[in-house]
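Handing you this structure, nothing more for now.
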Amino acid sequence: MKIIVCVKQVPGTNEVKIDPLTNTIIRENVPAIINPFDTYAIEEAVRIKERSGAFIYGISMGIPAAQEMLKEAISLGIDKGILMTDRKFAGADTLATAYALSKGIEKIGEYDLIICGRQATDGDTAQVGPSLARTLNIAYATDISRIIEINNNKMHCLKITDDGYEEILIKLPALITVVKEINMPRLPSIKSMKTAKKSIIEIVDFQYVEAEENRTGLKGSPTQVRKTFVPVHKVNNILIEGTVEEKADKLSEILLSLRMEVK
Amino acid sequence: MDKTFNKMYAEYLRDESRQIGSAESIIFPNTEAEIIFSVKEMSLKNIPITTQGARTGLAASAVPHEGHIINLSKMNKVTGARYDKKEDRFFLTVQPGVLLSELRKYIANKSFIVTDWDDKSVDALKHMEKGQWFYSTDPTESSASIGGIASCNASGAKSYRYGSARDHISGLRLVLADGDVLALKRGQYIASDNRFSLITEGGREIKGKLPKYRMPDVKKNTSGYYNMPDMDMIDLFIGSDGTLGIISEIELELSKTLDVNWGITIFMPDEDRALDLVRALRQEVKIDNISLNLNPSAIEFFSHNALNMLREQQKTAEFSNIQELKDSYHTAVYVEVESDSNDKVWGEVEKLGEVINALGGNEDETWVAYNLVNLEKLHDFRHACPECVNLKIDEIKKSDDRITKLGTDMSVPDNKLKDVMKMYNEGIRENNLNAVIFGHIGNNHLHVNIIPGNMDEYEKGKELFLVWAEKVAAMGGAVSAEHGVGKLKVPFLKKMYKEEEINEMRKIKKIFDPAQILNRGTIFEFVEGDQ
Amino acid sequence: MADINIIKDKCVGCKICVGVCPFGAIEVIEKRAEITDRCTLCGACYKSCKFNAIDFKRDERESSDLSEYKGIWVFAEQRYGKLKTVSLELLGKAKELSSMLNTKVSSVLLGHNIESLAHELLAYGADEVLVMDEDWLNDFNDQIYGEAMTALISEYKPEIVLVGATSKGRSLAPYISSSLKTGLTADCTGLNIDEEKLLVQTRPAFGGNLMAEIVCPNNRPQMATVRPKVFKPLEPDYERKGKITKIHREPIGGFVKLIRNIDNSDGLSLSDAEIIVSVGRGVGSAKNIQLAKELADALGGVLGSSRPVVDMGWMPYSRQVGQTGKTVAPKVYIACGISGAIQHLAGLADIETIIAINQDPDAPIFKVANYGIVGDVKEILPVLIKRIKGRL
């Protein structure tokens, strides 16, 4: 089986702070990390490999420094890392990203399964996965929380929805996006890190993947960011003080009166 | 007894030890002057005083023994800063009620309320800008107060590298039992010829003789009064559980933060090899001629039973998100490393892999975290152990509410590590008890947690602890490594020191507090009329 | 191709652009701005420069004739023959936008045995409803629904297509936009029309730390998925008249087959709750969640959770409130031990009263809370529950 995992390098958003004076994001010392959702995608691919054998490609589109992230992906169990890096890919929205990735994936050749994280933590769009599948013209399902079985070119899975779960059957080749319920990503071991340090990431550019210029990068992106601003939250707040008992007393009064309004 | 008081202030009659005391009055002073006023008032009436910080202690030091409570939680300001340019050292002056979590936040943000600071302090802050600093004492309970930390000489996981609270306290102000104030700077009062002489702010000279007992030769100890020939007298008050005076101000030294922070959990095929790995990490032994120099800030341990407990709990929702444990993982050692360079750490980790393999382990049976997101996963895994124990105890409590947590806090010298592990394992086996062992193995300071299934096992466990206290003392260890003696461990201390040695401690107390009004029943029993 | 450069002579090193860049891709070195390889050519910086020192060349696209695209479409999502509230919310918003564009609102209803819902769509603001009622549309399917929608859009040419940002909507919309090679903005929280009659789509970025305004100037339709609960539906007017058009098509096959639905049975859903008691990391341990559950039960509310608690496995993902979880709009929201990271606040829509209990007085949750208590959840909740139970 051949599996492709799409990964993205994102800023470690846990550390994003807002400068109270200028109301902008303070980005100094924000380390780049592997998109946390993608770690579930990697883990799921590795589990399939451990169960029934597979070769796992990890593909990413990003800046040259993203090589390190692909090495991290190798330490987590993928077999080969491919980085698509070219100024011509820059500024892509989800449509242009999906197109560029589809060209990179076409170069890999035949495959059975593409796994993506549900969304990236910097954009939160959750659109690249489905858009990539559509561009490659293969089946897809989003928000997969469990792979029950893979057999006869069909994959039996559970998908999370707003209302619960759906049990579905997907025809391969297919693309799935996975949610964090699907597994618990492992941490690298000293041994796997040694392997990763020695690995070489394949770097491919615009020309190699034979993409159309007007479908990649900023030029291939129908959507444009017109402006960004920092949201403001304003409320009148009342601090309830006193001993534990006093606080609970006052709060219970407030809650009981609010509850009357609700009913 | 005043029933309204007990109802209104019920929470102030207990601490994390879950012991409940009694009291008649309480005050929440805002300033040192208010402490003095209260102490003088009580001293005149000969009413005992119990001092409280955040009440997170596990040895019941803050549980009142009748009388009056002085709760310092409102004295929660950072009051100044000092920079030693020559040695590039940075100090903060804090009131005792500042919480560790608050202090950490102030330091991380380099943001202090400086309206009451003197100019020198404000100027010193500028020097803080140059680097990242932190306060290295890291007990698990971050809602502990700094006053409490000083009183029990707390430490934490990173004390393997950074030492305990004592090593970072450079100044103290104490309100004595008569309301006079004693101000001490490190280096100011050194005992000589086993005698000391201190001058209070009121101009009174306090003279005395140091006791004869010797403290155990261990890195972590907070069992009774500190005592060393030619000691710095400030050390007598650190770890004295509030029995000699009420701390009204503390000067702390900060450490410089290192940017690179790694955590590695290593699974070994059996306990003996795990202990060998610990010894290799401490550079006591060289394996296969590999010179390992990882310089960990913490070395922690998880016994086979502890891992099994986590394995079992993993099936429940509460712990389903801790890292998965393979069947072959027998015993675990966790190290945390701080450095200024990832490459340096990686070079050592590569060697660590070889050491693990040479010891019969497998470098693939490790979890490596080199970023904060993954480091947090390893921290969660470490914290899951005590949480699991608490969960189990709460479950058992439903059948018998007399049962409480049974955990040890003893440390031994480095060369007794294997002996003490043998002692714990045999004791548990012979008494047919269910227990998990985890904790700060780098300092030979393990927390053995007995999970009693019923009252009979609970009693057996308590007896076993007394037996262990005696044996640990015989090994040259300490019966309380970081929690303090408080009121709970008074019987343990008796196993460690002879009666005349404890009487020497009483004598020290009486020099400073002749009427024994401060924290009665703490470190040793209060004897009525013994004045 | 698009390119961006700093005009060195004009740059004074004022750092305004550094603050504006959402990707941290500008550094000021020796009083001159430099653009690093983190730049994504988003163009956010060049307008901010007061010295016109940023030279930004956007690619001009040959725009096809966009004027033939007219009208606003709302995808009517239904399940078991019941419309999703978000579709009704979107009709109300679409109605408002349509008056600015001087156009009409259409709703597309796909499914089987759902024809009767068309009247409801009219009542909530649709001027026209396109209905495809076919047995092969019985189960929602990204590909089948996507193909059907794509064909209809190609035929009718609406200028705007709005889809609710439900799990199905967010999965379906990219199929349509990719098929049509047009833009799609995810999970919008604001919609407006600008002076050029473009749809301005506001959405949170960087986990809600930043809001971005996004436009799709050269492609049609302009597509967006819109977060539930941000807009209010109109008061339904069942007398309202409109056109209902029934459409029949040949069946389309798909690669994904639904075996069965497993619906949540854990009572009232978060999105519908009037009172939510939500727990964060500050509850300390999994067992304290029981206290929050007890409070929720006593108040007739529902239990919610912040992300760390879900990450730790203490609560299921279905209970998560926030940017990567659900958006909620109860009357009362009680945050227990939730610090209030912006990612969490992004999930709090229109809430009348927020109550926060947290040990950390500086926790950001207190900035948005109407009532705040600084204290330990595990100490306060037991007393609070006792008080409330005593009064009910």
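When the chains are written out, they are named A, B and C in that same order, and each has its own residue count from 1.
The criterion applied here is as follows: a contact is a pair of C-beta atoms (placed from the backbone, for glycine too) under 8 Å apart; a residue touches a chain by one contact, two chains touch by 3 or more.
Quick caveat, the model's predicted, so the values are computed rather than measured.
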Chain whose averaged C-alpha position falls nearest the assembly-wide average
A
Longest centre-to-centre distance from chain C, chain (CA-based)
B
Can you check which chain pair, A-C or B-C, has more C-beta pairs in contact?
A-C
Quick one: report the Å distance separating chain A from chain B, using the average Cα coordinate of each chain.
42
Taking each chain's centre as the mean of its CA atoms, how far is chain A from chain C in angstrom?
18
Please tell me the distance, in whole Å, between the geometric centres of chain B and chain C computed from their C-alpha atoms.
48
Note the residues in chain B that touch 2 or more other chains, in rising order.
11, 320-321
Set of chain C residues in contact with two or more other chains:
311, 316, 379
Among the residues of chain A, which ones contact at least 2 other chains?
244-245
Going by the contact rule at the top, pick out the chain B residues touching chain C in the complex.
11, 101, 105, 143, 317-322, 380, 387, 390-391, 394
Per the contact definition, I'd like the list of chain A residues that touch chain B in the complex.
12, 14-15, 31, 33, 36, 184, 186-194, 197, 243-245
Under the stated contact criterion, what part of chain A meets chain C in this complex?
11, 13, 16, 18-19, 22, 24-25, 27-28, 30, 63-65, 87-88, 90-95, 98, 119, 121-127, 129-131, 134-135, 138-143, 156, 158, 160-171, 174, 179-181, 213-214, 217-219, 221-231, 233, 235-241, 244-245, 247-249, 251-252, 254-256, 258-259, 261-263
Chain C contacts chain B in the complex at 285-287, 311-316, 359-360, 362, 376, 379
Can you name the residues of chain C that touch chain A in the complex?
1-2, 19-20, 22, 24, 37-44, 47, 58-59, 61, 79, 142-143, 146, 166-168, 170-171, 173-175, 177-179, 181-187, 200, 204-219, 254-265, 271, 274-275, 299-300, 310-311, 316-318, 323-324, 331-332, 334, 342-343, 345, 353-355, 366-375, 379-380, 383-384, 386-388, 391-392
